[in-house]
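Input: structures, listed below.
One chain, chain A, appears in both complexes that follow, with chain B as partner in the first and chain C in the second.
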Partner chain A sequence: MPPHLKHALPKAFWVAGLALVFLLLYAPILSAVLFSFSADRFPSLSMSGFSTKWYAQVLTDRAMLEALSNSLTVAGITALIATALGFAAAYADYRFRFFGQKAVLALALLPPTVPLVILGLAMLAFFSRIGIAGTLAAVVAAHVVIAAPFAMAVCRLRLAQLDETLETAAQNLGALPHSALARIVLPHTLPAILAAFLITFAVSFDEYVISWFTGGLNQTIPVAVLTTLQGQVDPTIHVIGTLSFSVTLTLVLIALAVVLRQSGGAMSKEETS
Partner chain B sequence: MTNTHLKLAGLAKSYGTFIAVEEFSLDIAQGEFIAIMGPSGCGKTTSLRMLAGLETADRGEITLAGNRIDQLPVWERETPMVWQSLALFPFMTVRENVEFGLKMRGVAGPERRRRADDWLERLGITTYADRNVARLSGGQRQRVALARSLVLEPKVLLLDEPLSALDAHMAIKMQGELKKLQRELGITFVYVTHSHSEAFSLADRVVIMNAGRVEQIGSPQDIFLRPRSKFVAQFVGGISLLEGKVSGSEGSKRFLDTRDGKVRLSHSSGLAEGAAADLAVRADRISVTVEPGWGENEIACTLVSEEFAGAVVNLHLATASGHSLVAQLQQRDLEQLDASIGARVYASWHSDDGFLLESAQQSEPGPKVRAA
Partner chain C sequence: MTSSAFPARTSGRRFHFLFNRAWQALWVLPLPAWLLLFFAVPLGLLVAISFWSVVNYRLTPDATLSAWRYVLGLDFLWASFWRSYGLSMASAVAISLLAFPASYAMAFVAAPRQRLILLGLAIAPFFTSYLVRIYSWQVFLTEGGVISSVIQAFGGKGESLLNTYFALFLGHATLALPVVLIMQTIALANVDRTGISAAANLGARPGAILFRIILPAARPGLTLGLLFAFLLSYAEFVSASYLGGGTFQTLPILVTDLVRAGQQWPRAAVVSLLMIASLLITAFVTVLWAYREKG
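What follows is the complex of A and B.
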């Protein structure tokens, strides 16, 4: 290591620091995983034994299963729509130059920065007016608004690596615009589109505030969890937390793997050329 | 030209206030090899892109074999292009790249493959047919780009600095192959480049552009030996310029009054008495001596520097009035010239070797607003 990059403190110090940061980040999640297998009613480190009874309880709870089904439906439809919109917006920004492009881009990326409570309230007011408040369709519509910017961001990253002349070259060889898009742009962007789908799915699956405002009696998993929590501390919360976390983590990991594998592959191709 | 095949008439293109091409007209014969050359931002690439339909001309018309094509969209133009970046499709094999245009035209599978394979063989890349294009060398990629366009059997092939990605050795090899291919196929090539050597060695006619205008169109010899404007002379290089005023004649010879004295010219030009003009003399036509009295036209100079260029040496000279001249000498001539840097020498040339350029218009190298 060059001398100017060497720090006065020993390496062990930094490793320990990093470990501490990750511990603080993940300890609560790990504790949920741990207590979900506890035989006791209340979480305490002096556990009397391991049990999967809370899992059995959750998986037979009618309300929870309905919430799960709602969540999967909402997340699935949201991911489809948000990814399509996100790709379209990213492509428009990549391909065309138009007046106010920067403003349009900023507006498109803005929704996740609006406080969710404000967004949720506003959505509720709007949906009541058009008469869809309290339906799953309302939840989907609201989730698309917050998820699409993520899809757009992911697709933009991938499109930025695509040589702009490729699509033009395809047209120059006789390809109609839609077929140049299908044969050149889509195959290149496919990994990002998959990643965008998984990420928007995860965003919707985890979202609480907007679902609570707009979903009415149609509860999604996070809403059902919070509702359960209001009365008492119930150990099934740990089970649901563990399951939700596993779903989200799996989706995000797959998305990461897809994106990283693709860019890694592209890099090694360039090396050999 | 009688058998005009591709006609560009009065093309113009602006981006906001920037004029990329002010006026571009050119008649190209069937099978002609045209090179368009000029500094960055001169409008050469924009002109080519208008031809391909990648830019819409603000004004003007393009006709190919009698049919107007400037209204057609890119995909209907039949003007395939070899791109500076080559723009090969990275997730396809060599054969898939070559088949692409045929596929877009709805040519059936077996026929498509046969035609693609013909071209792979013709360009000597059959071995790589099933390889991903990312795993090819520069020269091989170049051939794929050519095959991909030529398989469509176009009437015109457009080339945008196609050799700029290759190393010098490979570029020269490909130059030879391009020229041979163009002759065999007999199709029209329109070739944009900033390289003098490519333009002069490949083209039947060279178009020199500057600041959105055509400065000169002519054979490479024409442009090299008889640049028509100060800009072309400076762009082609190796030409010394002396400012002056036309002043009278003596028999068939005319005179030009320069700040370094009167010089004679044998070429009559249309310039009127008293008109401002630049005298141009090619570097290889200027002799340098240490004693005066050798040539018809002679100017006393200071030897400023020597520039070694292989078999020849360029001597940079300064006249008393501050003009700079370049003389190109053979090595053995230099050995006989007993002069060191800073010494007084005499530059002389025959009056047949000087010619006048009108200096009415100020042609500076192109604007730097936008790269070509």
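What follows is the complex of A and C.
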């Protein structure tokens, strides 16, 4: 900040606002972690004791383990396909000028703005017609649609920092398109590709509406949570929550560390001056 | 292949051209192809289904307006539409106001390095177990929960806050805050610093700098933050049914009920298309306003 910028309100006001927002964001997460170790069935402030029995219950629950394996399979395959498609689209947009470029970009950024309930409904109708409704393949096909835009954005951001003339220079010196890509573009983009993989994995791992609509009897973890939510108070949700938080928070924080490190300089005018 | 004088060279050039074309297509086509098949076609099918009919509980291709007539004539649909729209707009405004001091702190109070770390921590929850976070709020909101205990300590009644608009708002904020924080902070951090310094040097008061320079310059980003908060809240249905306890019959709940309970696909399709239409109009108007020339 410019040292002579006088704030309209005292600094303490803005910092308090920041603290309030972080409290709202992290209170539910911390509370889930806390109550996952509670001995009581009903979460309350007067906890009677520490216990890991809910963990034991979740980890021996066959339905839950199957849901976990479904979730990991779907998220893994989704992340692979979405990252490949996202990188391809980002590279195409960076490297080539082609007919309909803007339209492709607009199409690629559209899925995150359509309500998931509507996407789920449309996809269930479509998958029923082509006979793959209720399979994990259907869930993957749908998750790639919502995850690929994130992968594309992350890769495109990184490519924007690569000198466009490097690749053409290599080709002028006789490098074939694929070897220029492999030797110059890929090494430069690798951190972003890794970040894209982790973020798309997290997006798929956490998605419940489309999985619920199109997955049929193949439950993923969030769908299992959703079904439990509609029933009784169940302390195992806190356990599942704690486990998912640790998985997805780790993935996302690693991904963000990579993305923010590489794009830090480009984000604000202040840092470059 | 008409030129026979230099057959080798021509076919070499032609091969080169085709190779380049194929190479380019390899990168350009995959994502649009996937999105056409699994995004555009399903949405197109939804449009078609809105004109189909249900015969003996079976969805049958047709060309009838009966679902449109039925849904558009329902009083409770319109009540539900305006309730959904109003509640989400109210949440979007409240979330933006709630996020603004925090974004300001990240943009102008925090050092650049701290800002990156704070931004990372702010966006991370967006990708983590939304459902569990909603479930967690219940502990805070019920009778005898954290919030009501605090209210009681200050002499309030301390009733359960579940099934109130406050609970629904917390759900919306849980979902949308990270996105709004990112957009606002980037918008504020990119406000031209020389303009701020110039105004300060010319003796502008801090309030005038905030309202006359910072806010107008950051308007596009702040407005897009508001728009995304609206989009996310409008589409959300878990908070409405779980924290709101069904008090708030919103459009997404209506859509799921129509399909899950009654197999009323054409009607559900009509409600979905209405939602998309209202979203598009709202987004269009908001973006126009965000980028309009300063008068």
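Operating definition for what follows: the second predicted complex is superposed on the first by the 253 of 273 C-alpha atoms of A that agree within 3 Å, B and C clash if a C-alpha of one lies under 4 Å from a C-alpha of the other, contacts with A are read in each partner's own complex, and residues count from 1 in each chain.
Just so we're on the same page, a contact is a pair of C-beta atoms (placed from the backbone, for glycine too) under 8 Å apart; a residue touches a chain by one contact, two chains touch by 3 or more.
Remember, predicted model here, so these are calculated numbers, not experimental data.
With both structures placed on the common chain, the touch criterion links A:T227 to neither chain B nor chain C. Once the two complexes are laid over each other on the shared chain, residue contacts for A:L166 go to chain B alone; chain C is not touched.
Once chain A of one complex is fitted onto chain A of the other, the partner contacts of A:A108 are limited to chain C, with no touch recorded for chain B. In the superposed model, A:T52 lies in contact with neither chain B nor chain C.
When the two structures are aligned on the shared chain, A:S179 is found in touch with chain B, with no touch to chain C.
Within the superposed three-chain model, A:H188 lies in touch with chain B and out of touch with chain C [touch as defined at top]. Ranking chain B and chain C by residues of chain A touched puts C first. After overlaying the two complexes on the shared chain, residue contacts for A:I29 are found with chain C alone; chain B is out of touch.
Residues 177, 269-270, 273 of chain A touch chain B in one complex and chain C in the other.
On the side of chain A, the complex with chain B involves touching residues 163, 165-166, 168-177, 179, 183-184, 187-188, 269-270, 272-273. Looking at the complex, you find that chain B touches chain A at residues 52, 54, 73-81, 83, 85, 87, 89-91, 100-101, 104-105, 132, 134-137, 141, 148-149, 152. Every residue of chain A that touches chain C in the complex is listed here, in rising order: 1-2, 4-8, 11, 13-18, 20-22, 24-29, 31-32, 35, 43-45, 84-86, 88-89, 91-92, 95-96, 98, 104, 107-108, 110-111, 113-119, 121-126, 129, 141-142, 144-145, 148, 152, 177-178, 199, 202-203, 206, 208-209, 222, 225-226, 229-230, 237-238, 240-241, 244-245, 248-249, 251-253, 256-257, 260, 264, 267-271, 273.
Contact residues on chain C toward chain A in their complex (touch as defined above): 20, 23-24, 26-28, 30-32, 34-36, 38-43, 45-46, 49, 98-102, 104-106, 108-109, 112, 115-116, 118-125, 127-137, 139-140, 144-146, 149, 170, 173-174, 177-178, 181, 186, 189-190, 192-193, 196-197, 200-201, 206-207, 209-211, 231, 234-235, 237-238, 242, 252, 255-256, 259, 265, 268-269, 272, 275-276, 279, 283.
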